[in-house]
Structure formats: C-alpha cells, structure tokens
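Per-chain numbering from 1; labels A, B and C assigned in written order.
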C-alpha cells in the first residue's frame, strides 16, 4: 500500500465527522494548559501541539467507572438487566508507549475469565498512534524494548513529515480498512518539511537492564532499599491512574430502594485501604509495602503470569508525582544493585 | 453478546441460622432450578455473595459439595455488605458468583489417609465443607481428628454439628475454649471440652501426624503458632493444607488486590500447603 | 546551600534528631523531598525557589512520628502547617526541630516549566519564619504586615459570578476529578486515620469518579479544611486534573477571616474557630 498523507485540518474533520456518528472518538484536548486524551464531540477543538498527554489512553477502553450490572427490585424479587453492548471507538493521540500498553492489558482481562467489558471494547477500537517527535528525562520506552516509532498495539501509526502533516502507515488490516473507508481525507503526497526534526530510538537512552529487575525483586523482597526508594511517596493514586497499564479496580453498588447499578471503578494498590480486611488487618500497612507492590507487580508478578512487563516506559507516573518519585530512577537503582549483587 | 463474568446467580434464602451474636449462616437455593442442576463445586472453593444495593463480599462455600441442591455460607457481620446480609429473611433474594479458586485435593491426596482438621473461631466454615465431604465418604479415610477452638463458648459456630461429631464413634473431636471462655455470661454451663489455646491443645492431643493430612484454618496468629506444632506431630509440610484469605473484589484475577507475590489467592488459591506458604513473600 | 547541609550534619551527628526532612534538586527546575538519616547523606540538601513542597505533610506519618526527634526544612508558610498540627495534637513542639528558611518566594506551575511566581507568595506574611529552632538564609524582602486583610483576586472574580455561573463553573471543574486523592495525601492538614471517603458503613461519599461523587468529595474536603487550610497550595499543585482547588479553599478561608477574624497557622495559642466552642460564638445553635 502506498504511503498516504493526512494533515491536521483533514484529520480534525475526519475525527469530528466520526464523532457525530455512533462511534466514540477519543482525542487530545487542551484543558488548563495541559493535554488530556478524552472523549470528544463533533465540535471539540482537538489539540495537536503537545508532547504527551497527562492521562493515558487507558481511559477510553477501561473507563474510570462503568456499569457491570443493572438490577430492579420489586415485590417479586430481584431482576437482572443487560448492559448495552460496547460502542466502537476511534482512539487517537496516544504515543507508541500507549498503544503497546493495550497489548499488556488485554492479557490480564482475558486471563481465563474473559472480561468482555474490556475485551469487546478493545476489539472494537481503532488505535491511531502518533509516533514521537519529542521526549523528556522521564521517557524510557527503549529500556523496555519499545521504540518512539513503535507499531505494537496500533492499527495506524502517524509519522510527522512536517508540523502540520503526517505520513499514515496502516499496521493492521483494520487500519488499512479504516484508511480505505476514509480515503478522501488522505492525500497521495505532500511536501515534507526538510527542516522538521523528529527523534530516533537512540535519542532515548536505555537506562537499565529490564531483565535484571525481576530476579532482584524476587531475591530482595525484604531489602531495606525499598524503604529508602519510597520514603517520599505519600500514597495517593495519581501514578496509577495516569498509568496505561495499571488495571486494579473496585466494585461498588449504587442503589435506590427499587433499582441499582453495580460498577467497576478504578482503584489503586498505592492507596492505604486497598487491601484492608474487614477485620482491620492490612497485609500492606506501610507506605513502602504499597509502592513495592506497584513496582513488583509490574516487573515481577505480571512477568510470572503473562511473560510481559506491565510497563511501557511512558514516564507518566514520574511526571505526575507531586512528591518527586521517579520510576526510571528506581528501576535504574534496582538494576545497578542487581549488577553489583547488592541488597 | 459476550457473557458477563460479573453477573451473579440469583439465590433464594432458604434458611437463616444464628451461629453467634455476630455470625450467621445462610442456606441458599438457586432461584432458577435449572442453574442449580448444572452447578457444581469442590471443597475449598469460594464465591462472591451480593446484597443488592450494598455490594459483594467474599466467603467460602461452607456446605459440602457432596450435598446437592443448595449452598451455605457463614459470615461475621463486619462491614456494609455483611450488615445487609445479616438482615435477610427466608424468601429474600441475594446474588452469588462462583465457584472460584482451587480445591482441596481430596480424591488425589486425601484418600486412604488419616485426616486432622484444626480450626479456630470463624475459620471453621471452610474446614466444615471439607469435614462433611470427608464424612460423607467416611470409608475412604483412616482416623479423623477435629481440633476446634474459639475465644469463648459464645464464639463457637455450628454447635449442633459439634455435638454430632462428638457423638460419632469414628471421629475424634477435641474442642477447646481460650482461658476464661467458659463463663456463664457466654451462655456456657458444664463445658465438657478443653481449656486452652488451639496450638497448646493440639500439642497435647497425642495425634500422630505421620503419613496423615492436616487441614488448618484460623486467624493469622493461630496459623503461625500451629504450623510448627503440626510439624512436631509428624505431618510433612506438603501435607499440611490451609486456606489464605485476602480482600477480594472480583474473584476472577482481575481487580488486583488479593495477590501475595505472584500468587493470586482468587486464582491459585485459596487452598495451599505449608510448603507453598514458606516460599511466598511475607505479606499476608 | 551549605548552611543547611552543615546544620543537618550537626543535628544528626550529635544525635539531636534521627531524621532530617529537606529538599534535593531533581532536574533543572525541580526539587523534591529528601529524607536524610545519616550525616553523609546530607550533602544533597538544597534550598531554592523550586522548593515548593510543604514537607509538614510527612510529620503525621507513623514512621516519622516514631522518630526520637525530626528536623524539617520549612518555609514560613510550611510552619503554619506545623503550628496547626501542634494545636490539633498531631505533633509536639518538642518533637519537631524546625530549620526555618528565610524565603524570597517559590515558583508555581508544573515541572519542567514552572515559571510563574506562586500565588501564595504574593500574599505572604511570613517570609521570615514566625517560629523556628534555627533560621537560615539571607534576609528576605519584607512581608505583608500580619494584621492586613488580604483578598485574592481570583476569589474576587469568582464572587462576581451569579449562583448559576458558579454552579456551572464548579460542575465543570470538579467533573475532571479522577479521585486519586493526591490532594488529600499531599495536604499536611489531611491526616485522618480513616478519611470519610474511605468509610463505607454507611457510604457517605460515592467513591466513583462521577459528578456526584466528585462534588461530594471535594466540597466535604474543603469544608473540613475551612479555618484550618494554611494556603500552601499543595493540593492544587499535585492535582493531575489541574482543578483550581485553592480557589475553593481560599474562598472558605476568606469567609472564616470575615466571620471569626481568624487566619490559621500563625499562633500556637489560637485554635481554628470551627474546632472549638466559645461561649460568645455568634452562632447559637449549640447552646
């Protein structure tokens, strides 16, 4: 398939047109000087001049909260009602680290029991990814074997050829179909801007040895290093909620006398009451135990279960942390301790 | 449309029993009998019970898989869901999802051996499921010992069944109360069991663990203190079974809160051996 | 900054304290909290305009409470939080060694480009710490006099709106909340063992990130802070959704100032008005 070009105006038109129909469209939007990937309508301004969104693409497929059961209560008893099927989604504005996260998440949601809320929505989503033109000190996708121009998890990857236009590359058949269906928005060629600068894999240095992390965690679960690494953390959930691969959730009921809704809501292992038993016993009472769980889950437990690290190196957790916790720094420290054989 | 894994069975409450002032047992029957006919589970498995409007709570299935057509759960009133479940009456509807988790390897490992059950307080329900399962197949096993203790007389659950086990000739029941637990204010008169903590009573029981199976359930401190006693009695670590309990929301390996290291209590557990336990990070 | 490092080393090596909580540099325009337990670790300590965090939030953590004595690097505005924690019996003056910093002001805005001067600095009355065990740093510019009543321009703007406009404004702002509780965890005054939002029998506040739950959560938190908030702005700084939480807090603080002539965190003897009962309170519902 020939390389096709699309520019900002055409892409905006296309996304707005789709948003007017039955398909949900998620795209970057500017709110109070920061960019968020959020559901848009036909007239929401789409923001293109951003480095990376504060939140991740997770929000489109694994919403902050969603109904998983509806019921009615009357004299005869309880009646369960169906939840309507998922709508198709066009998900635009994530980077390759976001797209890669979808491949990580679907392993969990498909593990033995198929969570169709996630999986159906995932299967109905066209992922249009923006290859990276920028990076910062918190980026570390290359440390995990990913690339700022990676294709994993995307249906279509857009590579900038100038400030205003991209070369569109269909990665999957569904991506190809999407481009063919909307071919009037794409042009055969455009003048590339020779002065336009993008980045390559080498710009983002490999910060640590990803394979060294898991063995160290296994061996050093009780290491005092954990407390040193996490002393600053104040146990909020900002890192986990902006993380594209953090998937933990709570289930709660919301009901009136005669009807109710059961929902699946984001929850986080970093929060103190996450594991609190009804007896008040808490297996992860201390701050460091909770942050250790977050790192160990991503780099050790998830690998045991699904043979993949539950982190794609987007660096959002470091950027959002008000206490200055930096995951790259922690992993670099662990990897160097592992090399030295230290505890 | 794909199947909704979070959708519960609707269950009719058939019977409500008060075990202690804050512990209840519910007997549940499937509202749709066809679902009840296809439903089966094995000893050790658990489920999520929903009080509609309040939410879901995780308990083991306390009845035996050998007794068909109903399930039972026993719970202590502790939070929002259990407070609502406390107030249900026969005929009311609640929800049940399950069975989830692994099972006690009764046919594979228990057959032909002596079985020793050790439980404390509210931890008898998961053991009770195995006890009845084993008793229903009594001739497949050698000796059966049951060591059960509670803080006070009032805190003993399944009092009728304790009496049945005590009366049975082919069961050795040792019941005990913590020191001071036999006072009249706890509804106790003429206590005919032992006085003392479970690990101590277990130590003095004279049970020979060689070649036998032990099933141990109780609060963390009791487990911690009873494990070395069982080893002392001659049980191999691989033959000491216990169940782990952790807070759960989904029961399906998704919600991410019940894990101890890579061990998801809801998927790889709740049943495990003392040998398994020794390899896990100390975070439960 | 050499004098902080020297002070920290002295305190730790002489055994005056067993923990120093201060700041370290972590990027060109970024600092972050640093826990120092050994004299040789103190060399990383700094103080500059990027030291915006209010470290007093760590004082109520179990492991910090368990220390023999803790030293904390604190600006005048941070000391307001320490004053409140002492008043509310969450800490004692003896347990905390305050390394007070003369402060010309800190930046606000998010890293890596925090350019604007912090709004709290424009109304600062404590550039020279009001209470400390040692005060370090060059003499700062003069503070606003303690008895001057301050109104924030953004609060004035909000007051001009009609009820309906205010409602629409807060609906839009609070619908962005993702319920990460970064505001609560960063706040030095949010120290409850079990926050009301974490209690579920009964469920006072919807824990879902929907409009109802978000309104309940943020409004209840603001009310719990009225007369107690010390204007450090940490909640707003750490909010991943960029909700103008200080606008909510400041509106309530101005209300408290007007009704009770009280500003929190300046005086160890003065209790926040909503936490005490006075016989001459002008509200009579409690009598």
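Here, a contact is a pair of C-beta atoms (placed from the backbone, for glycine too) under 8 Å apart; a residue touches a chain by one contact, two chains touch by 3 or more.
Just so you know, these numbers come straight off a predicted model, no measurement behind them.
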Inset, instruction - Taking all protein C-alpha atoms shown, work out their mean, then name the chain whose own C-alpha mean is nearest to it. - result: A
Inset, instruction - With contacts defined as at the top, give the pair, B-C or A-B, that has more of them. - result: A-B
Inset, instruction - Could you grab the centroid distance between subunit A and subunit C? Build each centroid from C-alpha atoms only and quote it in angstrom. - result: 31
Inset, instruction - Compute the distance, rounded to whole Å, between the mean C-alpha positions of subunit B and subunit C. - result: 48
Legend entry - Whole-Å separation of chain centres (CA-atom averages), subunit A against subunit B: 40
Legend entry - Of all residues in subunit B, the ones touching two or more other chains: 79
Legend entry - Where subunit C touches two or more other chains at once, by residue number: 203
Legend entry - Numbers and ranges of subunit A residues touching at least 2 other chains: 250, 252
Legend entry - Interface residues, subunit B side, partner subunit A - complex: 1-8, 10, 31, 50, 52-56, 76, 78-79, 82, 93, 95, 220, 245-247, 249-250, 252-257, 259-262, 264, 267, 281-284
Inset, instruction - Note which residues of subunit B are touching subunit C in the complex, please. - result: 79-80, 83
Inset, instruction - Going by the contact rule at the top, pick out the subunit C residues touching subunit A in the complex. - result: 26-27, 30-35, 53, 57-58, 61-63, 110-112, 176, 178-182, 184-186, 194, 198, 203, 206-210, 234, 237-238, 240-242, 244
Legend entry - Residues of subunit C defined as touching subunit B within the complex: 200-203
Legend entry - subunit A - residues contacting subunit C, complex: 31-34, 54-55, 64-65, 136-137, 231-232, 234-238, 240-242, 250, 252, 254, 263, 265-266, 268, 271-273, 286-287, 319-320, 322-324, 326
